[in-house]
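What follows are several structures.
The two complexes that follow have chain A in common; it is paired with chain B in the first and with chain C in the second.
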Partner chain A sequence: MSTATAPIPAEPPPFSPGRIARAIAAFSGLPGQIIKLAFLAATNGLAVWAAYVLADRKHWVALPILIAATAAIDIVYLAPRKWTLPLKFLVPGTIFLLAFQIVPIVYTIEVAFSNYSTGHVIGKADAIKAIQVNSLQPPANGRQFEIAPARDASGKLVLILHDDASGAVYVGTNKALTPLAKADVTISKDTGQPTAAKGYTLIKGAELFAMDAQLKAFNIPTRGGSAIQTQGVSQAVELQPTLRYDKAKDQFVRISDGVVFKDNGQGSFVSSVNPKDELEPGWKTYTGLHNFGKLANNPLYRTPFLKVFVWTFAFATLTVLLSFAIGLFVAIALNKKGLRFQRLYRSVLVVPWAMPGFLSLLIWAGLLNDSFGVVNNKILSHFGFTVPWLFDANWAKVSVILVSVWLTTPYFFLVSLGALQSIPEELTEAARVDGGGAWGIFRRVTLPLLLIAVGPLLIASFAFNFNNFNNIYLLTGGGPYTGSSSIAGSTDILISYTYKLAIATGKGQDYGLASAVAIIIFFIVATISGTAFFRSKALENVN
Partner chain B sequence: MQNSLKRTWALLGVVAAISAIAASSAGASHKAGPTITIWTDSDRAAAVTKVANDWAATSGATIKVVTKQFGDIRDNLGTVAAADAPDVITAAHDWTGQLAANGLVEPIFLSSAVKANFPSYTLNAFSYGTAVKKLYGVPAAVENIGLVVNTKLAKVPTSFSQLETEALAVKKSKHQTFGIAVQQGSGGDAYHMYPFFSGLGGYIFGTNKAGNLDPSDIGVANPTFLKNAHLIDKWNKEGLISSKVDGSAAQNAFLKGQSAFWITGPWNSDTLKKSGLSFKIIQVPAIAKPSVPFLGVQGFMVTKFASVHGVDAAAKDLVTSFMAGAGPQTTLAAANGRPPANIKAKSSDPVLAQFSNASKGGVPMPNIPQMSSVWGDLGQAWVRSTKGAGAMTAAKSFKAAARSIAAKIG
Partner chain C sequence: MSTAEQAELTAVAGARAIGARRRRRPHIRDTWWRHAVAIIGILVALFPVAYTLSSAFNRDNTLQGASLVPTHVTLHNFGNLLHNNVYLNGGGKTDAPYLSWIVNSMIIAGATAFLATLLGAFAAYAFSRFRFKGRRFGLMALLLIQMFPQFGAIAAIYLLVLNIGNIFGPLGLNSLLAVIVVYLGGAMGVQAWLMKGFFDTIPHELDESARVDGATPAQIFWGVILPLAAPVLVVVALISFVFTLNDYVIASALLQTNNHFTLAVGMKGFIGDQYGQLWGPFAAGSLMAMIPVTALFFFLQRWIVSGLTAGSVKG
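Moving on, here comes the complex of A and B:
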């Protein structure tokens, strides 16, 4: 290799093995020991804190796992070196793999087989309680009271009540409502609240707020099935249940007409007369393959799925191939020896990659605006035409690919440049001596060697773009929409379509359905990437 | 080997000592007395802290205010662990259906004296129930959009045809592609288009016998609206409105005097004050029906976690008795630049007062969870029919939207 090789843009300091060895050496011995101890102490401190929280919240499965894991970490890093050396390197990676990859995947799978969505968030016991509360209704001529909790002569909890409408005053116990003489009770003019009652001591301040459960359980039975119930510390309302829960049969009965609401196995109590009539809230439960069945059977989801899948594949493939082609072309051009301002060109070309993607995408959305964007308004209009970049289904696809290529090209430029410089010049020179043309050398020698290095990156980039939510969502939002459905616009890829399924259908927030699609996407990407990897392996073997 | 084992034990001892210190500090953070945790957004955090602490001074409670992104308050409430969950949340009224259907919020009752201080629509906005309708929040602030008129460029219109004439005259003289600056963009914006929608006779959900919104009665393409929909095609043809105008394009056009009419809300009142333009804010003049805006109400809810934490009574007292009062309402609404909901707590801001006046007859955004199936399709119906050349006829576009919404609600 000649000594005049062009430097790469961010040139590392001259490589000297001595420096690294010295740096490593500085961390062995006492300073290293201290750093290690500090890290371990911090980890243990964190674990003890977490153990307290877990114990406090009665997570009896997670707690032993935490303790065992922490003990394992201590042993690995404190035990004599020759027993645990490989583990020292494996443990941190494994922990992060578990925390950031395996756990989310497990959760996604769990959600995909559940009905987790609006109306199905809490557990069944909580849902039954909430249905009972929701079913309470003020009876005809139901009364509302301002109240003051108090103690009678024997110290028992009672309520002093002031009827809003009639002005009558009462004392209420858990058994009955008894009228009091108006003269015996003082009522605040501003709030209507009883402030004093003869023969009773009002409960105030912190003592009052500490009686939350007692107040909540305080029911004064009145006529029919009604009862006066407290609402906070200063209100009470006469309420009547409209539903009755039959614990033995696990069903609700509507009191007015006797209609039965049964558990439908999908996390709801549903009327036996009208299956659309269900009680809210429902609860979260496992529904097996229900979500996958919905995707397969409901034309609302099935029809766009195939269309979206084809476009997703095209989008990811075109983005990667075009970016690679352009990046490689520019890299070859800039790899030419003796080119002036080489570093400047290279730095400028990396800018789109160095800028935060969010910003670039929002700026591009503005630039491409049909009527007011710079591209149409200031450039194309001079040539007598404009392009509906974001409002036409096909042009929007072009825009999305254009911007994605703009964002991805610098990456492949950098990668190709690096790979090109690692190809021994002897090989291309030998080919030239053998009489190969420039194109022939590139196709037969340079490209195959390059693909060994870049191939896996192409696959990774494909997988990334397959799920490139930001590019789609920030540029077109999945639009424009053709046809009659807004579930999938013409630039929606699978992941943005999933997002819309999750937030903008039915009652909104159908996480179960969205997770089912996420799992399908995972299998698609895994299959494509897996196949491609085996192919690139084969390529490697040829050389 | 002996040596290194000894060292290992010594090191374990050091680690254990440090752990013990960490543990003792972790255990010391408990405190007596009821603690009320409130989730609110950053705009209102200071005001909520102040109001809640004023209340706590009389009740002996401890207040813990947690600041979140506004939308996260709704989304995190379903996933948070009970121990970290809030007892009181700041909420938008259109979350009511979703949160109540999820069983995450508690119904509350207001005394008739307190109720009398709130316009009935604000209470209605926070009420939800498929069988029994219940109140789930205390309103604190209201917001709605209005038509901002640049009085130097155009007269304040008294009829829609006058608005149309004035807007088109300015469009012509300033060589613009649209008359009224109302934001849509390729994603659509059913919220800002609602005055036109309601003026043409459109509605979103009808009400059933019990007075609740009925998701099976979708009025996006009702006969009255379809009869008037040809006006949209006319507006599209003459360029009165254009779906290519997005938020920033609409704002720029008005602030630079290229459009005399801008449809926007109180979140831009500072922008308007700083613009130096002379303007007046009115309701969009009636078309076939009054062109009323959507109303948004923000307020406070008590969560189901309050009973779990044993502070249900305290949380309800804070929300229903204290935060509903005129004084706290003024503080809470001012923190967010909105007029207060309590009619006794008038805002002194003249621009906000003008926006308030534009709300007359307005409709609270539907608060049932099925509304999430509506926004996208209704916005797209406008985008398709007002994109200039090549637009779909309005009748066809809105009929398609109604079909899609019905299919999504299922």
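Moving on, here comes the complex of A and C:
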């Protein structure tokens, strides 16, 4: 990425700066002061509100950061010191840079070393609770109850329960099960249902049926980790846990056969007999280099990753080289003094580059559509054949490159044309006098000079296309898919693969793995851009 | 002079030279192949545009029926789309709030372009006019950070916004504001560098004379630098606008309901797997969005080429 001084042509701008100048100047002075203070007041107001919400929700890490940041902003803008002057201009952009560029990068690094994914979202304590609830099962000869939902004196929901077998009656809350005196409860002779209870008001009719969801969530804990759960509005069964959590050893034991489930260090309790047998859900934990190891060693991930990796390089390289070659060729064709229609040609040829790219891509996806697309339907069918442009793995790759070249060529055409016209004619003329052929002159004189100018742009374009999400996703969606088990399609590049891992997949979301791939992308792009950057000596311009 | 600078200068020089160097016309015998290359190039360049144009006005709105010359010219594709009144062949209606998408895109891209340019100009001014501790480090750090594409951290951005949303609803998922502030994370990037370079070329004598007249640094920024830099500001804003408009990753990750989508996310979802049926209204919608953006690009082409060669934002 070459960033240096911006040469803006010293031609008259397409609009008069006079009016803009006056409008902007009107903001300096007193109105400017007022606007500044208004912004500062709004920022502080927002911060106070945010602090209140954060304190209310007990975010004790975020709160001090917020307070410190707000105080720093106030000091910078209100304390007139010499050292705060540059900060006044740097703070606004830096806030956004920190919040939405630096923090995501740091967060990406953190997540890459964790197992954060579907099924590994909550903390360990929550996961243990969830596993215990999930393990509740009706035992073979467990107690069954006829129930009647009721309200106690304070209006709280309780259940009046009648044990069919023993005839005992209870009142159950979501805290405990308490026996009641048989005399206090009336039981229907036909159904065994409690019909009245002293001190409680039974819920009946429409209200009862509206409580379906509430009753489903109503659990009465009983001894030994068992629980009574409602089944509809008139019955309940006692469920027993099938797993027992051993706090001292930090492991679950399956009660039926005594199989032990141990913490595997990857955020799951795993059976000591069959390591594939995991208890759901797992929890979020740091797993070190596990995600990177998965990409390197586990064939399930390594194979698609390597395919995507190689294709990403092929896609970016071919797009840039073909675009440059074609753009340069057209530029050479048009680089002729006094050529008729030269300006018209130039203007029309850059249309693909001037159009909004996402629309071009969606339009191309339509044109290349197998069954309806005009390329097959109106053009190739005349010659008696059609091509599965987007449905065959290899043709889809060809399509992606063709469309990317269509999009990128005008850029290199413009740049090459400009560069060609800046090469002094005397040079090529001298080479011709020395007896050089046209091809020789091009290869020995024109091309090397051209590459000095265009070289950094080729590398920048490579870095851009390396992460050209749109060109893949809007054209093929990364597809077509050849294997059924893989998230990666045959035209997915690293960045679209990351996107699918993190967000758009039917197979759950694996933030950890997505972040690991993102970090690999970071390193590749940084290496490429960094090399180009140091070569271009842009550093010398940091003055 | 860096090679990047040379590249930019040559591109600009070339753009100017085309107009200047027109003397004796060469004969068609020597130049026919040049015309042939240009015409083939134009046919390839305009092919999708021509089909889109014709399909937009064609009465048959299926892709099979698409042809270079419309069979029956009609405006009903435009009308149906604008009134969110697009029906599928087998009956049933698609929900395509095209106008909402346009408005959302304008709000997001407009606000991002304006604010990013302003924030970038602030930073550029500080780096260009002040000498302070950590300045060189700051400039280097900015360059290095920009090497990481923001959407590479898409999983982290998604989780970040999700968590912010749990605390502050207005900045959570499915909010235009959240998308804007995420885009603003890149405001200090390449564009700020571009502007810093331009600010460096504005003579310091101007600041000095304003200072002698009693202007504060803020007044110099607003009253002297910004007006002089107006052309470059417009170009930077336009590049930022087009770039934001084209973004699919961040917008699709953060926006969730149809009427909150941007044009890119909305149109992708609209045409989705319905290429056979919805081609006509899709073409009409593309055309309406395409024309103003392309026209703007042509209007400012010369300035954009120089800006893009410096930042290589598109291409």
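Rule of thumb we're sticking to: the second predicted complex is superposed on the first by the 275 of 543 C-alpha atoms of A that agree within 3 Å, B and C clash if a C-alpha of one lies under 4 Å from a C-alpha of the other, contacts with A are read in each partner's own complex, and residues count from 1 in each chain.
One rule holds for everything that comes next: a residue touches a chain if its C-beta (ideal position, glycine included) is under 8 Å from a C-beta of that chain, and two chains touch if they have at least 3 such contacts.
Being a predicted model, the structure only gives us computed values, none of them experimental.
K.L.:
Pick one for A:Gly199: touches chain B only (first), chain C only (second), both, or neither.
P.N.:
In the superposed model, A:Gly199 contacts neither chain B nor chain C.
K.L.:
Considering only the touch criterion stated at the top, classify A:Ile503 as touching first (chain B), second (chain C), both, or neither.
P.N.:
both
K.L.:
According to the stated criteria, A:Tyr481 is in contact with first (chain B), second (chain C), both, or neither; which is it?
P.N.:
first
K.L.:
May I ask you to decide whether A:Thr94 touches chain B, chain C, both, or neither, giving the answer as first, second, both or neither?
P.N.:
second
K.L.:
Report for A:Gly265: first if it touches chain B alone, second if chain C alone, otherwise both or neither.
P.N.:
Neither chain B nor chain C is touched by A:Gly265.
K.L.:
Of the partners chain B and chain C, which touch A:Arg57 in the superposed model: first, second, both, neither?
P.N.:
Touch partners of A:Arg57: chain B and chain C.
K.L.:
Which one hits more chain A residues, chain B or chain C?
P.N.:
C
K.L.:
Where does A:Gly366 make contact in the superposed view: on chain B (first), on chain C (second), on both, or on neither?
P.N.:
both
K.L.:
Going by the contact rule set out at the top, does A:Pro86 touch chain B (first), chain C (second), both, or neither?
P.N.:
second
K.L.:
Both chain B and chain C touch chain A; at which residues?
P.N.:
Touching chain B in the first complex and chain C in the second, residues 53, 57, 366, 369, 371-372, 503 of chain A appear in both lists.
K.L.:
Quick one: in the complex, what on chain B touches chain A?
P.N.:
1, 4-5, 8, 11-12, 14-16, 18-23, 26-27, 33-34, 58-61, 78, 81-83, 98, 100-104, 106-113, 129-132, 134, 177, 186-188, 242-246, 248-249, 252, 304, 307, 310-317, 320-321, 369-373, 375-377, 380, 383-384, 387, 400-401, 403-404, 407-410
K.L.:
Write out the stretch or stretches of chain A touching chain B in their complex.
P.N.:
Of all residues in chain A, those touching chain B are 37, 40-41, 44-49, 52-53, 56-57, 74, 78-80, 118-122, 126-127, 130, 133-137, 144, 146, 164-165, 191-192, 205-206, 208-213, 215-216, 230-235, 237, 242, 279-281, 300, 366, 369-372, 390-391, 396, 476-477, 479-481, 483-487, 500, 503-509.
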